[in-house]
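Structures are listed in the sections that come next.
In the two assemblies presented below, chain A is common to both, partnered first by chain B and then by chain C.
Right, the complex of A and B next:
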């Protein structure tokens, strides 16, 4: 039981990060129909930006996160500008274009930070909380709280602000949105920047839990992507639920199958999406057989 | 075949190449050939068949690891292990391809990528696969006393295998199978309606992918005689993808050029590999944005640019239609019988107990307001939807719920309301897809009887020529359908449907968007088609055409048949008038008036 609960906490923490990655995917996907395979690499850049700034300046971690979000937001804008001619046109080409961007970011990270990577000390100094025999690292609670707060803010933005509503409108029908006077290009660019910002947040948060290195983006990106798919592509609640579900799947696979966890995780994932390609919350414009 | 004549000097050059290379350079050439085989496989799956397969590098790994494990741990000889490895790689291809039956595009990309990661995870941790250190001391492949540990001699083995692999890939792409795969990539619904068995074709694509990956893996094991997980990681998958995209994903030769070019480039930039990856990434992005067809597409793009600059103003013209030889309809009886078909979608009954019987050789009109269920009825008849209740009989044979490809092979052809031509195929190829009536089991002939395939292709081409003449499409035969005016595209779709030599032709609003003269021609064509023995069912809003063309008209409203009879009777039927104009008690809706006055 104790092991189970311990695994559960770990799974939820990673799940919260996967949910942030998946939300970043989803917000870009639903507004412009672009599957951003570079997203994982943006997460990696975010992790590097935050940890480097944190280690170099010794300013609070929150400041480092904000710096990271700014950096990746700019990268997001650049990617969007490049791929704009392909938006809503050729799906496969866009997909491959973003894979190309991912490679560029990864190579860039190797050139700037070197291929080896670095460890990040936990920004929260206090020891783990002991709760009925389960040791919960304080940092895990911080991660979950920050992820929840970010999710809340994003939901508020999408539902309560004019720009957020405009973005929703573009997501539903970009032509109709143009017709009622929404600047679709600007809205898309903003969606991309928000997506990249979420990636940076995820990267910054996961930095102290993993070893920050140039290839972390690949695995994190695929896992976040898989989480989005599990929840239902393009659905924000789906991204959250899918993220948590994937985090738990990952944690329990690691607990039970040790080094084969990745094998088990992806096999289970493949079987689940075979049974339900639309994910838990479904997708209106699902592109399936 | 003459177009391939330039391959001869290339082959001679490839044969003479080792004489000018030192020991290291020949090793690079050996690696380049292996990547070229891999790239051809990925080009077939992704470029030709449109399956986003990001597990190609895993198939490569499966081939190499299978040889390594079988030779070092199970005591197999190299070639026996190689044959088994190919089989294993193809089985792996099928397993990875199964998700393609349920999902496409990015969904498939993620799942295949995940499975590739699962493979790397396994080989890095399994004892049998030598964990992270990999497996060394794979034996040198024996070959009648030839010492294949020499990179020079191994090059010739590779060259022969590569030539065979390339020839087979070219055979596939330039034959009916390749055309079906490309049709499936462009529009799987329309391809299904034209007789392509989509699930089996997707699996075929993955089997090919596994085969090419396996062949490359076997050669790799024989060349390097050492396998380790990092040779099959995601970075190499990306390199392979870059090769295919930069070379031109839908052109097999482009893939080869891309593979060779990038392998050489990688070698040249070995000391600056960080910058090299940056370079590949940037080039891929630039290619995607500016030259979506890659290097192979550049000549075409330039030609298009030149033609535009020159202002080639000649407009494509439709030629006259040459009527079919009249033939008496076979035997009579009912060509189509729809029995009490109901189709419900969640919360909506689109068809509600619809019955209709179309005698052979009739032109039947189906009319009704928008949303009355006409297209749904066509979708049920042509197998896109399975009816909730009721049955569909073709010439007395119950074919309810049969898949579109089966119905197509049974003689049902259809056109679509909003044109579904294959955009990346020329007009001629569109028609050739329709002409190909072979069942998918014919695929076995490609590896075993390639000359028969070529012979069949020649007869198809001859028949396509006749059909193009008949439908007056000679001027536009090799054009890209998207570039043509709407009226011509409608004519192409009709020709493509007739290419299937159907016994039942379903036309969904064939006159939409046509001008008066084109509508008159359409009437003539449909009559001639009927006179050749084909039963025609036509959904149309153009009442003039329906009245003059159809022998019997069925009126649908809100998913029910409200009238059935000769055009003149139906037009004055009180229910029909009410459906179009509203009854006297209520004001007619705008849509209904617009509908009726067309």
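Right, the complex of A and C next:
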């Protein structure tokens, strides 16, 4: 029972991070119909930006996260600006463009920070909380709380603000959105910036739990992508549920199958997606036909 | 008040010519119809005016505004409302959000949403429903309502009768006539010639991407040739 609950909390923590990554994939996919293959690398840049700033300045970790979000948000804007001329012209080139940007970011990280990576000390000094015999690391709770708060803010933005409504409108109908006066390119740029910001948040939060290195983007990108597919690609609630589900799957597989855990995780994932290809909350998004 | 002027408009999709050398004007408060068979180039013409189709033209002006150089998303600011073919409401957003987005370029504190609800009471009842859950007729009303939210001087409508029952077509016609009587200029593109003659004072007939005839709607309605081709009489 104790082991079960401990695994559960670990799963939810990583699941919350996967959910952030998945939401980043989904918000770009919703608005542009595009899978941003550079997303994992942006997560990695976010992890590096936050940890480097944190280690160098000793300022609170929250400040480091904000710096990381700003840096990657800018990277998101740059990627969108480069891809914009291809919008509605060559979709395949856009996809390849995002893969290219991923490679550039990874190479850039190696140039700046070296190929070996660095460990990040836990930003929360207090020891684990003891709750009825279960030891919960305080940092895990921080991660879950921050991810939940970010999700709430994003939902508020999309549902309660004019810009948020406009972004949703663009996701549903480019032409009608243009006709009511929405600048589709600007809306896409915002989707990219928000997606990159979510990636940075995920990267900075997971940094102290993992080893920050240039290839971490690949693993996190794949897991976030899988989480988004599990929930239904393009659906925001799906990204959250998919992220948590994938985190739990990952944690329990790691607990029971040790070195085969990744194999088991992705095998289960593959079976679920074969049974339900649209994911849990599968919905129709931008049609690119 | 402002006049919409279109001169020498051509639309090409790749190598396919959809419209060629189309010219017309919509005077303030006027109602102009464009009828023609499927594929005659009506929708392309309207989309091209809105900047939503690849176009070439000598002039597309709305009063002093040169629409030929204006990006598509800026047209609504000059008071040009557009009701696209096939309604194109935002299906995953509520009716109210759809209407508010019609006023995207102005403040949401002072929108004509009450006037729209008075014009279409059913939209008020349905305001919290998702637009995708409405019937075709309700979606059409929503599309017209959304276009009215920018307080347009001219409204471009593309096949508002498509897929609607005769009763609903009559209702839409009534609303358009009322709006026109209140001073809104209307450019109506339709396959339904009867509706078009009913709503408009002047009418263009398009064939193979070109304007084949122009006339007063009441005269065209009684023209034996037009009656035979477009009214099936």
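The rule we apply is simple: the second predicted complex is superposed on the first by the 279 of 289 C-alpha atoms of A that agree within 3 Å, B and C clash if a C-alpha of one lies under 4 Å from a C-alpha of the other, contacts with A are read in each partner's own complex, and residues count from 1 in each chain.
As a working rule, a contact is a pair of C-beta atoms (placed from the backbone, for glycine too) under 8 Å apart; a residue touches a chain by one contact, two chains touch by 3 or more.
Note that the coordinates shown come from a computational prediction; the quantities given were computed from them, not determined experimentally.
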| item | value |
| --- | --- |
| First (chain B), second (chain C), both or neither touched by A:141 | neither |
| Touched partner set for A:35, first chain B, second chain C, both or neither | first |
| Partner chain(s) touched by A:155 [first = chain B, second = chain C, both, neither] | neither |
| Chain B versus chain C as contact partner of A:267, first or second or both or neither | first |
| Which superposed partner A:280 touches (first chain B, second chain C, both, neither) | neither |
| First (chain B), second (chain C), both or neither touched by A:5 | neither |
| Most chain A residues touched (candidates chain B, chain C) | B |
| Contacting residues of chain C [partner chain A, same complex] | 50, 52, 71-77, 82, 84, 88-93, 97, 100-102, 104-105, 108, 146, 150 |
| Residue ranges of chain A in contact with chain C within the complex | 162, 165-166, 168-169, 172-173, 175-184, 283 |
| In the complex with chain A, residue positions of chain B that touch it | 50, 52, 98-107, 109-111, 113-115, 117-118, 121-122, 124-125, 188, 198-199, 202, 234-235, 238, 241-242, 245, 274-278, 280-285, 288-289, 292 |
| Parts of chain A lying in touch with chain B, wherever the complex brings them together | 35, 37, 82-83, 85-86, 90-97, 99-108, 110-111, 115, 215, 218-219, 222, 225-226, 229, 233, 259-263, 265-267, 269-270, 273-274, 277, 287-289 |
